[in-house]
Structures are given as C-alpha cells and as structure tokens.
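Okay, got some structures for you below.
Note that chain A is present in both complexes that follow, paired respectively with chain B and with chain C.
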Partner chain A sequence: MLRFLTRRAIGAVLTLVIIAAVTFFLFFAVPADPARLACGKACPPELLEQARHNLGLDQPLFAQFTAWLTGIFAGRDYAGLGHCPAPCLGYSFVNRAPVLETILDRLPVTVSLTIGAAVIFLLFGVATGIVAALNQGRPLDKITSVSSLVGSSLQIYFVGTLALYFLVYENQILARPQYLPFTEDPLAWAAGLTLPWVVLSIIFTAGYTRMTRSTMVEQLGEDYVRTARAKGMKARSVTLRFALRGTLTTVITIFGVDLGALIGGAIITETTFGLQGLGRLSINAVTDSDLPVLMATVLVAAGAIIVFNIVVDALYAFIDPRVRLN
Partner chain B sequence: MSTPFLSVQDLTVDFHTEDGVVHAVDGLSFGVEKGTTLGVVGESGSGKSVTALAVLGLHSPETAKMSGGILLDGRELIGAPRSVMERIRGNKAAMIFQDPLTSLSPYHTIGRQIGEVFRRHTGASRAAARDRAIEMLTRVGIPQPKLRVDDYPHQFSGGMRQRAMIAMALVCDPDLLIADEPTTALDVTVQAQILDLLRDLQEQTGTAIILITHDLGVVANTAHEVLVMYAGRAVERGTVREVLGEPHHPYTWGLLASMPRLSTPVDAPLRPVRGTPPSLINVPSGCPFHPRCDYPALAGPELCRTERPELSPRHGHGDACHLTLAQKQEIVR
Partner chain C sequence: MTIPMPAVTEHGGAPAPKAPETVGRSPGRLMWLRFRRDRTGMASAGIVLFFFLVAALAPAISSVYGKDPYTLYGQDAPGLLNEYGYPVLPNGGISSEFWFGIEPALGRDVFMQLVYGIRTSLLIAAAATVLIVVIGIVLGIVAGYAGGRTDYTIGRVIDITLSFPATLFIIAFMPVVENLFVSPDEETPVWLRAVTLVIMLSAFQWAGLARLLRGQVLSLREREFVEAARVTGASPARIVFKELLPNLWTPILVQATLLLPALVTAETALSFLGVGMIEPIPDWGRMFLRGTQVYQSDITYLIFPGAALVIFVIAFNLLGDSVRDAFDPKIKR
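The block that comes next holds the complex of A and B.
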C-alpha cells in the first residue's frame, strides 16, 4: 500500500508539472498582453514597462516558468509586492490578490456544490439502476430507462434557468442559490445550494442509473451469481452481496472521474446559478489573461482528477481481492 | 414399482424468445435412485443443462415455461413457491458447474462461500460454519485446509477449485447432487481425481448423482445408469452395460462411433455424428433424428418423418426408435 502510494504520488507530481508547463506555454502562444490589461486602459509606455517588469513578464519564458515552479516549493520575492511564502501561486495580474487566498476562498463553494450533488446522484442513480436491473423488461424498468434517457439529454443551463424562474423567482419555493459557509450556518448552507444540487443531480443521475443497470444485468448473468442461487441463498442476498459487489467496481471508477472533473469546476452550473466557485474563477482568468490564477485553477482541476484516480485504484483492492496494488 | 428418489415425468421446458419458442426439453422422463449415478449424455444443445437447472428450479419463470412433474423424495417441485425451492437448493439438492473459476465468487474467500451455505440451511454460527468448511475441505482432499480456507478462488488451482465447489455442494449432505460437466474445464489427470472423489463421497453418503458429460468414457467409469438425450428428448435409457454394451438407438451408435478409443490410431479422423444438431425452434417432425439417420427407409417409407417414436419399453433398457429389435440387431452385426 505504501509503495503503491509513493509511486503514484511521484507520478502525480510529474504529471502536474507537465500539465502546468503545457498550460504555461500555450498561454503565451495566444497574443494577449497581460501587462496592458494589468496597467489599465490609458497606460503610458513607461508604466507599461514597469508593469511588465513587476509581473516578471520581461524575463525569458523558461525563466518565468521555473520561477513560478520554484515559488510553489520555496516561495519567491516580487518586485513591488514583497515576499510570497511557499506554497506561492503568485499574485493575480488583475487585482494583485494572492492567488492562493483566492483559490482557498473559492474552493469551498465548488467542493460543497460537488459533494452535495454527488451524494444525491450516486445514491439515487445506483438505487434506480438496481431497481431497473431487478425488474428487467417490466414496466418499472422501461419507465426508468425512458426517464434516464430524458435526464441525460437535458442541459444544465436549460433546466437550471427554468428551475430558477419557476421555483425561485415566480413561486419562492426554493431559496435563491448562494453560498454561505457550512461552518456558520449548516441549514442556510444547504438551503442556498439545494437548487444547484438538484439540477446537477438530475443530469448526472441518469448516467449512473444506466451504468448501474447494465453492469448489474451483466453481473446477474455471471456464473457465480447462478451458483449463489443454486446454493439456496435468498434472492435479496444474491443481488446485494454478489451482484452489487461487481457492479460497484464500475460505478466507483466513473464516480472518481466525475468527482475529479466536478471539483475542477462545474463551470456551467456555477455560471447558471451565479456561484463564485473555481469554475467561474477559471473562466474569468481565461478572459482576463490572468496567468497566475489560470495556472492555479488548472493545477487544482488536474490535481483533483489525479487524486481521485489514485483513490479509485486503491479502492479496487478493497473491493476485488484479485487486484493487487503492486 | 415405487417412485424413484428423483422422478422426472414428462418434463417440458420452453423458452419464449424473440426468434420463437425454443423447445429445449420435450417430454423427458427419468428417475435416479439414492446411491446411484445417472450419466446424461448428448451433443451440445441437447438440453442437458436446461434439464439440470429445471430440477433445481433455476430457470427464470418469465422466460421459461415448464410443465410435467419433478418429484424429489415424493415432493413436487414444479410450481413450488420460491421460498421452498430456496430451502431445497444447496440443502437437499445441490449442483456443481462446469467452470469452477467463474462459478465461484471472486469477492469472497473459499471458506466463506462454503460456510454460508451451511449457515443458511442449518442456522449454524459463523465459527461453526468455518469449522465445517475446514472439515469439508479436508474431505475433498485440499492440503492444509486450515490455511487454505481463507484463500480466494484465484489463489486455487483449477482442480482445487473444483474440489472446493464439490465441498460447497456437499456441505449440507444433499440427497441429490447434479454435476454439470464437472471435469470438462480440467486436464485429464485432474479429471480422473475429481471423478474418483465423487465416487468415494457417494459411497460414504449415498447421494444420488446426475452426471452430465460429453464424455462416454467418463460415463462408462462412473455411472450406473445412462440417459442419452437428443433435441430435448430421451432417445435411449438403461444401465451402463446395456446402453454402452448393446446400444439400440442409431443416435447412440453414432455417439459411440464418434468416441476416440485407445485402440484407434492417433491420426485416424474423429467421426462426429453426421449432420448438424436440429433447430429447437422448428424441431423436425416425427423422429427428430430422421434428417441425420441412415435407417428411416428400413423402418418404413414415411414412418420416421411423421410419427414420433416413444421410449419403450417403459422400464429397463428402452429406446425411442421405430426399428424393430431384430432390425437393430441385424444392423449392429
């Protein structure tokens, strides 16, 4: 286990450095001048030069990248802004705010949104998938498959906008979506996120229902499930203890991927509901050519995906004794 | 004559599929006594497994329509409630399958899989079930059973897995054991060991065994009675000596001729029964074997094509063919 984790952690760091490098050099492939944006509209040439120097943009590209990279591990000094202790992600080109603080500020929004929705769509999707699989071909199965088809063809901004209009503005059934810290008022936290959770879940549940159903149907046809029945095990224990076990492997894989992607930023959801999470932050960073912020959001998104991948692989070993981690 | 321990009477199993109704078993009757082994042989698709699964009530009632009678120890199993069948399966009647690797759960230890059958049917404690599992592993000849009881199936060799399957099937001392090609997935030496094991266990417990196989050699060595199946029907039935020594049915002749013998030279071509197995959706009229048979002309110009031959005589060595005994003896000679 320890060997597995060390090996994967090293791999993860290398992957992140490569992703960061690619992002960094791609950024400069696009002709936009961050210094001009930082300096403002009517910017005299000498101020522009000063801004360029302060942002470190007058250095060669490679030196800029290594400075950014070492900043994360050792901290770095900025002309005019002072020392930025490790892990230093730099200062925003746009508002000079320390990027680390901004990220830590936005992360809880995205994490709350993701975790809440994930709990709903995982439980609901797996449950409906099981029910459908156990009622293969019967009306209940058909209803589930039609609704999941409808669900998966819906778009977040469409459903979200409709829900906002009818449930919040017209009828005040649900609270206006907003983020309030969990630690201050858990109830207000949940109330403010209910609508985004539900809308995000509607889209994701469909996929889990279909995946659970098809894997479960496959599992129910496995020889060892037949053996369990031939041993006289009760029908319910056959499905739960035997067939579900194999189904979980598949579900967990996809769940890990989805969680990673969502932590990286549920861009459309956050935009639709006006939530200031990482997704919004990254979109703004792109439009503002705010390199430090952009780099940080990419790092968090890629990091989340990599971490969940490692967690999934470790979970496999617990679920399936045939999987060995070395 | 009293009813045998397991008595299958006029069993029919139809599957309703998109292509039509599959008549997988059609009017099949046989019996098995305690302490004896019935060998069931027949080509692929002749309905052997479907019959086995029917006895344990393992077909889904939605796709499989069953009729006829299956009496186990005098009790009718067709139409019995699910809870009753669940009590019988693994307890009074158990089954072992062809591929022990896929038939054992990869997620649970061998000991757990054996023990849970015991707990389910006897209500024993976890510890008692574990002891019982170790005892069963010892009986089927697994070395170091106290250690191996905590292994997962993938840590066992093929032969050991099949031994574990047998241990699992026998843990509740069933009166009937159905073995569906228990040795097909194993190599020859292991095959012989497994068959010896089954025979030894039968001597100790008096279990009735149905042994399904493609291999007439296996039947000759292990079975007391033989049932030859073709297109879901019994075409010949009798003791091993009768059926293999003095076969009456043209299909049995074909099967015996297709069997490689020690005396045949290695390069002699294998002779499968001529033609291909029939469709079970449109089963040939009359004798279902007639499109592949060499002798319909001998039995009468239209008889084989129009009239279904019944298994006769009703007891003892019987076969389903329109030829007279004299004609058969003439052909065999």
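The block that comes next holds the complex of A and C.
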C-alpha cells in the first residue's frame, strides 16, 4: 500500500513540475513583453521598470524559471517591493502583495462552495441512482433518467440567474448569495451559500445518478450478488453491503475529478453568483492583466486536480485490494 | 440482434429460415436501419438538423425577416427603449416587428442575434471537433500501433494534458495571445480570437479521444485479420488505413457527437466569462453575459438564448445516445 502510494506521489510531483515548467515558459517566453503583462494595464513606468528587474527578465529564461521555482521553497526578495516568504508563488505588481496572500484570502470561498455542493450532489446523486437501479424499467426509473438528462444539459449561468431572479429578487425565498466566514457565523455561512450549492448540485447530480444506476444494475447481475440473495440474505443488506460497495469505486473516481476541478475554481458559478473565490480571482486577473496571479491560479488548480487524483488512488486501493497488487 | 449462422447445425431437417433483413448489409446500413427505428433518435436528429439549417441559412432568414444582428434599432428609432435603456413594451419588447424583443441599451434585434449566434458557436465547435478528431486519431493510432517508447511518451503527454485545468488555462492564456499578436493600441481582430479559441479548445480535448483510440488499437492489433494482413506483407500504412481505421469509425463518430455539444457549451461559457468571441460578432455566450447583467429589469433577454441552448444540448445528447445504441446494440443503458 505504502509503496503504491509513494510511486503515485512521485509521479504526481513530476507531473506538477512539468505543468509548472510548461505554464512558466508559455507565460514568460511567449509574450513579447512579459513585464507589461505582469504589471497590469494601469501600470506606472517606474513600477514597470521594477517589475522587469524583479522578474529577472534580463536574465536567461532558465535562470528566471529556477529563481521562480526556488522562490516556492525558499522565498524570494523583490527589490524595492519587499520580501515574499516561502512558499512564494510570485508577486502581484497590481495588488502590490505576494500572490499567495491573495490566494489564501480567496481559497475559503471556493472551498466552502465546493464542499457544500459536493455533499449535496454526492448523496443525492448516489441515492437517486440506487433508487433508479432498484426500480429498473419502472416509471420511477424513467423519471430519474429524464430529469438527469435535463439536469446535465442545463447551464449554471442560465439556471443560476433564473433562480436568482425568481427566488431571491422577486420572492425573497432565499438569501442573496454571499460568502461569510464559517468561523464567524455558521448559519449565515450556510444561508449565503444555499443557492449556489443547490444550483451547482442540479448540474452535477445527473452524472452521479447515471453512473450509480448503470454500475449498480451491472453489480446486481453479478454472481456474488445472486449467491448472497440465494443464501437468504435480506434484500437491503445485499444492496448496501455488496452491490453498493462495487459501485462506490466508479463513483469515487468521478468524485475525485469533480472535486479537483471545483477546488481549482468554480469559475462560472462564482461569476454567476458574484462570489469572490479563486475562479473569480483568475477572471479579474485577466481583466487587470496580472500575470503572476494568473500563473499561480493555474498551478493551484493543477495541484488540486493532481492531489485529488492521488486521494482517489488511495481510496481505490483501500476499497478494492486488487488495485494494490497490480 | 442475432446474426444467423450458416445452417450447419440443422441436419438436413427443415429448410433454413428466411434470412432476416440483417443479412448481406454493410455495418453502416445496419446502423441506419436500427437508428431509423429509434423514435427519440430521429426526433433529436431533426432538432439538431434544424439548428444546423438555421445556422447555415442565417443570411436568408435575415433578409426574409428584414433585419440584421448589427443595427442598433432601439437607438435609431425613438419609442423602443425607455430612458434607462430598457424596452418600453413588456416582455423585453416583444412585438410583431421584433419577434424575440430588443437588446437592452444597444437596442439590437434579439431574434437575429440568436440566429447568427448559433453560427458562431457551431462554426467554432465544429472546427475544434474536426481538429480534435484528427489529432486524436493520429496520436491514438500511433501510440497503440507503435507501442514501446512512443506509446509511453504519448501516454505521459496525455496524462499531463488531462491534469491541466483546461478552462482556467484558456482564460489565463488569452492575455498572453493578445500580447503576442496584438499591439496595445490595436483592437483584437475577430479571426485571431476565433482561431485562438479553436486551438485552445482542441489543445485539451484531444487527450481523451486519443487515449480511447489507443486502447482500441491495442486490442485490434492482436486480432487475426491484422495478423493475416501483416503476414501477407501489407505495409504499415495499409494496415492502418485499411484494417485498423475502418474498425475505429464507430467510437470516433460516437465521441464526435458527444464532443460537439460539449464544445458549443465550452465556447459559450468562455464568451460568458469575457474571453470568448468579441463584438460585433453575435454570440450566445455574450448574450448570457449581458442577460446576467440586466436580468433584474429584463429577464426576457436571458430566456431566449437559455432555452435555445438547453434544447440544443438535450437534443444533441439524446442523439449521441441513439447513435451509440444504433452502432452497438449490445450496450444497453
């Protein structure tokens, strides 16, 4: 188990380094004037000069990359602007602050949004999938499959805005979406995020319903399930202890992918509901032309995807011992 | 569906049963036969075709309807927009003259924007689909057929591509492209944005298809007919084009029908986020963006692109399912 995980972890670190390198070279070697891109649209000339000097643009590209990479582990000094302590993901000349500060400031919004929605769509999706599989071919199954087809075809910016209009502005049924720290007032935190959670769940539930249903139908036809039934086991135990366990591995795989993608920035959801998370940060960075922030958000998002890949692998190996042996 | 075996097992007894309509028909013909019987499939194919026709015939529709998507009707003629820039008539200014209403502030015709908007999305999505399919086929077949180090290298590139946060990267990379090709005092040319979108959308989507095709090629490579071809001295090119490729069209077509709607929504999403198509080219994503800005005063403007996109995506997803079922009746959902 440990060897399996170590191997995966090393592979993940390598992938992350390659992604960092590719991103770095695309962002700093391709543009005609990286300093202008990094400094922002309303950049005063003296700051532009400082940015050029601090990014080391007069040095060879590889030296720029190693300086940036060592900054992540050892911190880095930006002459005339201050020190950026490790892990230093860069310095935003637009905000005049280390990028990491901004990212850590925005991360709780995205994490809150993701966790709340994930709990809803995972539980609801798996539950409806099981119900559909147990009622295969009956009206309940058909209703589920039609609604999950519609659900997966909806767009957050459309449904979300309709929900905002009808539930918040016209009828005041739900609170206006906003982020309040969980530590200050958990109830207000949940109230402010209810609408985004529900809308995000509508889009995501469908995938889980379909996946759970099809795998469950497959599992219910397996020999070991039939054996369990034949020896007189209760229907509920057969479903929950045998068929569901086999279904979980597939569900966990997509769940890991979805979580990784969402933590990296639920860009459309955050834009629709005006939540200032990581996704919104990247959009603002495009508008302001803030290259260091953009690069850091790409890296954080890639990191999230890769970390959740490893978590999925570990869970996989935990649920299904055959994985470890291969 | 059973394909009858030659009547060897029936020892002289009853005459062989009358051959069903599946005998002696090409796989493509069989697929069409099965597809025609699928009512949902035919209906959704009709809707999808309708969208394509609207996109293709947009100029004709425009001349019959008598308006274009660029003219600022609301600003040219008084009495259409009120002092805040919203349509005077209820429901977004729907009238016999403006079927779907008028855009707030700019006063353009919503129906025309919608019709021409399909064009933009479909063209970009179709171009990206073609590019993805070509890259996917080439790399998938090369990896699967060559094996060894080539396979390993392509496999790792696919892994890394799939670990990239695609949407975020496209958003982040847009300013870099602008900086490279457009000097600060110039406007971004439309063609540059369109080409960038096509390339960026393709750059991340080919990996899934390539991985799928690689797996298919790996198993096909060991089959007898490929071995037979190799033994008879067929060149690798012949094996790839005459033996492997004909067997890959099914997964390719199925994947392409699933890719196109996904790319349409991806393009729409990018425009909604402000990094997609630029003015004055009509675009659904920008209609959504404008719709989310004005929805508190004029919700109608959001409804039309929203409903159109939902219908399009549902129809295309149903079509994809039906195509898959028609090709591969063994898979029952």
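Simple rule for what comes next: the second predicted complex is superposed on the first by the 285 of 326 C-alpha atoms of A that agree within 3 Å, B and C clash if a C-alpha of one lies under 4 Å from a C-alpha of the other, contacts with A are read in each partner's own complex, and residues count from 1 in each chain.
Please note the rule applied: a contact is a pair of C-beta atoms (placed from the backbone, for glycine too) under 8 Å apart; a residue touches a chain by one contact, two chains touch by 3 or more.
Please read all numbers here as calculations on a predicted model, not as lab measurements.
Taking chain A as the reference, the larger set of touched residues comes from C, when chain B and chain C are compared.
In the superposition on chain A, contact is made by A:271 with chain C only, not with chain B. When both complexes are overlaid on chain A, the residue A:183 reaches neither chain B nor chain C. By the touch criterion defined above, A:30 reaches chain C but does not reach chain B. In the superposition on chain A, A:171 makes contact with neither chain B nor chain C. Of the two partner chains placed by the overlay, only chain B lies in contact with A:229; chain C stays clear of it. When the shared chain is aligned, chain C comes close enough to touch A:298, but chain B does not.
Once the two complexes are laid over each other on the shared chain, residue contacts for A:161 go to chain C alone; chain B is not touched. Look at A:15: by the touch rule set out above, it reaches chain C but stays clear of chain B. Residues of chain A touching chain B in their complex: 137, 222-224, 226-235, 242, 245-246, 319-322.
If you check the complex, the residues on chain C that touch chain A are 159-160, 163-165, 167-169, 171-176, 179-180, 184, 265, 268-269, 272-275, 288, 291-292, 295-296, 299, 302, 305-306, 309-310, 313-314, 317-318, 333. Residues of chain A that touch chain C in their complex: 15, 18-19, 22-23, 26-27, 30-33, 36-37, 149-150, 152-155, 157-158, 161-162, 164-165, 169, 214, 261, 264-265, 267-268, 271-272, 279, 282-283, 285-287, 289, 291, 294-295, 297-298, 301-302, 304-306, 309. Against chain A, in their complex, chain B makes its touches with residues 56, 58, 62, 82, 85-91, 94-95, 97, 99, 102-107, 116-117, 120-121, 152, 154, 165, 168.
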